[in-house]
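Order of writing sets the chain letters: A, B, C, D, E, F, G, H, I and J. Residues in each chain are counted from 1.
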Amino acid sequence: MEFLVQVDVARVFELPAAEREDVITREKARGRELLADGVIRHFWTVVGKRANVGVWVADDAEQLHAILSALPIWPWADIEVTPLITHELAAEAA
Amino acid sequence: MEFLVQVDVARVFELPAAEREDVITREKARGRELLADGVIRHFWTVVGKRANVGVWVADDAEQLHAILSALPIWPWADIEVTPLITHELAAEAA
Amino acid sequence: MEFLVQVDVARVFELPAAEREDVITREKARGRELLADGVIRHFWTVVGKRANVGVWVADDAEQLHAILSALPIWPWADIEVTPLITHELAAEAA
Amino acid sequence: MEFLVQVDVARVFELPAAEREDVITREKARGRELLADGVIRHFWTVVGKRANVGVWVADDAEQLHAILSALPIWPWADIEVTPLITHELAAEAA
Amino acid sequence: MEFLVQVDVARVFELPAAEREDVITREKARGRELLADGVIRHFWTVVGKRANVGVWVADDAEQLHAILSALPIWPWADIEVTPLITHELAAEAA
Amino acid sequence: MEFLVQVDVARVFELPAAEREDVITREKARGRELLADGVIRHFWTVVGKRANVGVWVADDAEQLHAILSALPIWPWADIEVTPLITHELAAEAA
Amino acid sequence: MEFLVQVDVARVFELPAAEREDVITREKARGRELLADGVIRHFWTVVGKRANVGVWVADDAEQLHAILSALPIWPWADIEVTPLITHELAAEAA
Amino acid sequence: MEFLVQVDVARVFELPAAEREDVITREKARGRELLADGVIRHFWTVVGKRANVGVWVADDAEQLHAILSALPIWPWADIEVTPLITHELAAEAA
Amino acid sequence: MEFLVQVDVARVFELPAAEREDVITREKARGRELLADGVIRHFWTVVGKRANVGVWVADDAEQLHAILSALPIWPWADIEVTPLITHELAAEAA
Amino acid sequence: MEFLVQVDVARVFELPAAEREDVITREKARGRELLADGVIRHFWTVVGKRANVGVWVADDAEQLHAILSALPIWPWADIEVTPLITHELAAEAA
């Protein structure tokens, strides 16, 4: 299944600098793994925001939630998940 | 440039049936062209909504607006455009 | 997969009475089928609202959207879909 | 009576780690009791959120509030309660 | 059970005058009955609004919804229902 | 004059426990006085919320504000005040 | 009592031109009376809006509502009423 | 004085085509005059929206409102006006 | 020019008591000056809110902003400024 | 490309005074550079707000984001970016 996942991390900037840097470093490391594993299929930064948006792939909602709730940034992230379906026209054109 | 484009077409359902069918038919025809031309790179339907979300590609904002404002559904569409930037981690992994 | 599906049908009351009665009659007939088929697992009315909330079951988001977008009330319904995961404590207790 | 109860616990993550772990541990213990007693009839996690949604059963609103306001997480929980009525179609099909 | 019921009837003013007057006349007649029967315990108009707020009494949510959904104004009313519990201090003082 | 007064006290839970208990104790004591004096005519708790709703009586807005702004919980309370008028039907039935 | 009254009349522009002109003409006539009677103490237009804001004076909320609900524009007006109290500093300076 | 003026004209698309074309033609003609007169200093279209944003110059708020409320599109326009002040840094650099 | 200025000071109550009292004392002193100078023409408290609303007079937006941004409460104030124009009917009646 | 960039810096006022002054001083220095380089083409303060709005120029969204995310105030800024297109009438008049 494909999900549009919008992650706002503004709250992490309320942490003391050292703690924040640690969380962001671990988060980036994890992000690289998820990209390498194809879990994150498309990954963008939103202009002017401390936020990203991406297309994440998981077998189902359980698996996606397990991945998201294990992210280092999880306690401070505001996440919107939208299940996506391939548009009929895109399916046609595939 | 890549843009996240969310198009809500709920208003078109307030049209009389015949007029609505005509607009939707012309809109789908145009959608096929945009997919074929690579303007719409990714195209999804949002579960439970009379709306779609996609990644559209254009040289710049002018070109994107010209395409959107020429869509048959334009007078009834509520559109959100978010300029996207390839995330640093995705750029790294590319 | 289980989904929390909230359907607000206030807009259908803007239709002329005869047309509205026809849509609501066909919608109820379809509702009975979905309940009988187990697609709608739990089904409630929200107090004071021209709306219902239920737990719908589908193989995946595609199937759910196909069912929702074929409902007689679809053109006038405002639907919110929330993918649900069995809570860890409920899974434990199962 | 059945109630749809949506509990967002994001605020608890603003507590120091030790205090947070203690609250969450006690909250889970209490949750197991409520599930065992049938007070929580259905219990789900919302994908990507530090929140749960469930169907809670109580004699009336007083009893539900007494249970909710005694939860260990109560001081930091943002709760929405929606009284539910069995839909006429579900009542028919019962 | 006591419920705080806020009824906004602004939409009914979009009806043609004759139809509107008929609905409002029937609604007032029904309102008198509900007051006489003690279903509406307290009933106020909100200053400057085409809306009222009241304390309605019903055995349970089912009964309240049956009464509300049978109101002449129902198709055009936007209703908010909040289940109320006697405050502990008021219970003490009773 | 009658006012619908909705008081949300969620913020007070951000105080250290001892300070919070002191404020809540003094607030309850003051609440008992206001109930005894008939200033608070009806007083309810909102299900699932750290909030109450009541009908307060005062000579005019000045007097109401003087009472509210002297409450121990005042610095942390989010209050909505709606001036109420006896509905014409209730006045008729009185 | 003084009230801040914000009146948005955008909806009246959805009427056919002739009907709209009639309502606006009668509304202006009534406005002149209210200004002459001192009911409207201060009266402003909000820049760029089909709306006005003013300080209205009435014995109490009942009287204000009677005046507002008798306005020709009433069926199409969206009104916000905020009871005002002379600020302590202004009272001091008076 | 400089004002940031955001004009959303989505509502005009609810008019019958002929009437809409007439209003838009007259609006464009007026727009050319305002640009020529320097009343509109900067003028942009918002990507994907039936809306524009610009910097308008007027002696004061009265004059700006007189201009806006005389626009052909006025009855259907939703306008936000933000008074602007040259930033201290921009004033410095001037 | 006249401006409707709504100042919410709820955030100042998050300060330690001593610091808060100092800010409020200095703010009141400054308020007295502004009233005496006629900068604040009308000044009210909003019932139940830690907020005030007033009509402020300044030569232009620059001057108003200079006054507001120099207020002792400025760092914690949430301010809404609405430029006001004397209504045509009030101008007539003047 | 031109972008309308609205920067709200209210959060920076939650910092201890010394740290806040340091951030604001460095932010102003950077602002002067951006104005000198023509990156910020127009720059205004919003009346009554701890916020600014400006027209920023960058080759594309990537470049704009790189500039914004390197601002000293970045961790505490709430930024809205709207891509702008020269209005057809302004292009005509150019």
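List of remarks:
Convention: a residue touches a chain if its C-beta (ideal position, glycine included) is under 8 Å from a C-beta of that chain, and two chains touch if they have at least 3 such contacts.
These figures come from a predicted structure and were not determined experimentally.
Note on connectivity: the fewest chain-to-chain touch steps from chain D to chain H number 3. Simply put, chain C must spin 180° to overlay its Cα atoms on chain I, rounded in steps of 5.
The chain pair D-F and the chain pair A-B differ in C-beta contact count, and the higher one is A-B. The pair A-C is the one among A-D, A-C or D-F whose contacts match those of B-J for more than half of the residue pairs.
With centres taken as mean Cα positions, chain F sits 23 Å from chain E. Distance from the chain B centre to the chain G centre is 43 Å, each centre being the mean of its Cα atoms. Shared contact sites, meaning residues of chain F that touch two or more other chains, fall at 45, 47, 61, 65, 81, 83-86. In terms of which chains touch, the assembly is arranged in some other way, matching none of the line, ring, star or all-to-all patterns. Of all residues in chain E, those touching chain C in their complex are 3, 5, 61, 64-65, 68, 74-76, 78-81. Of all residues in chain G, those touching chain H in their complex are 10, 13, 45, 47-50. Contact residues on chain J toward chain H in their complex (touch as defined above): 2, 4, 28, 31-32, 35-36, 40, 42-47, 52-55, 82-90, 92-93.
Interface of chain G with chain F (complex): residues 1, 60-62, 65, 81, 83-86.
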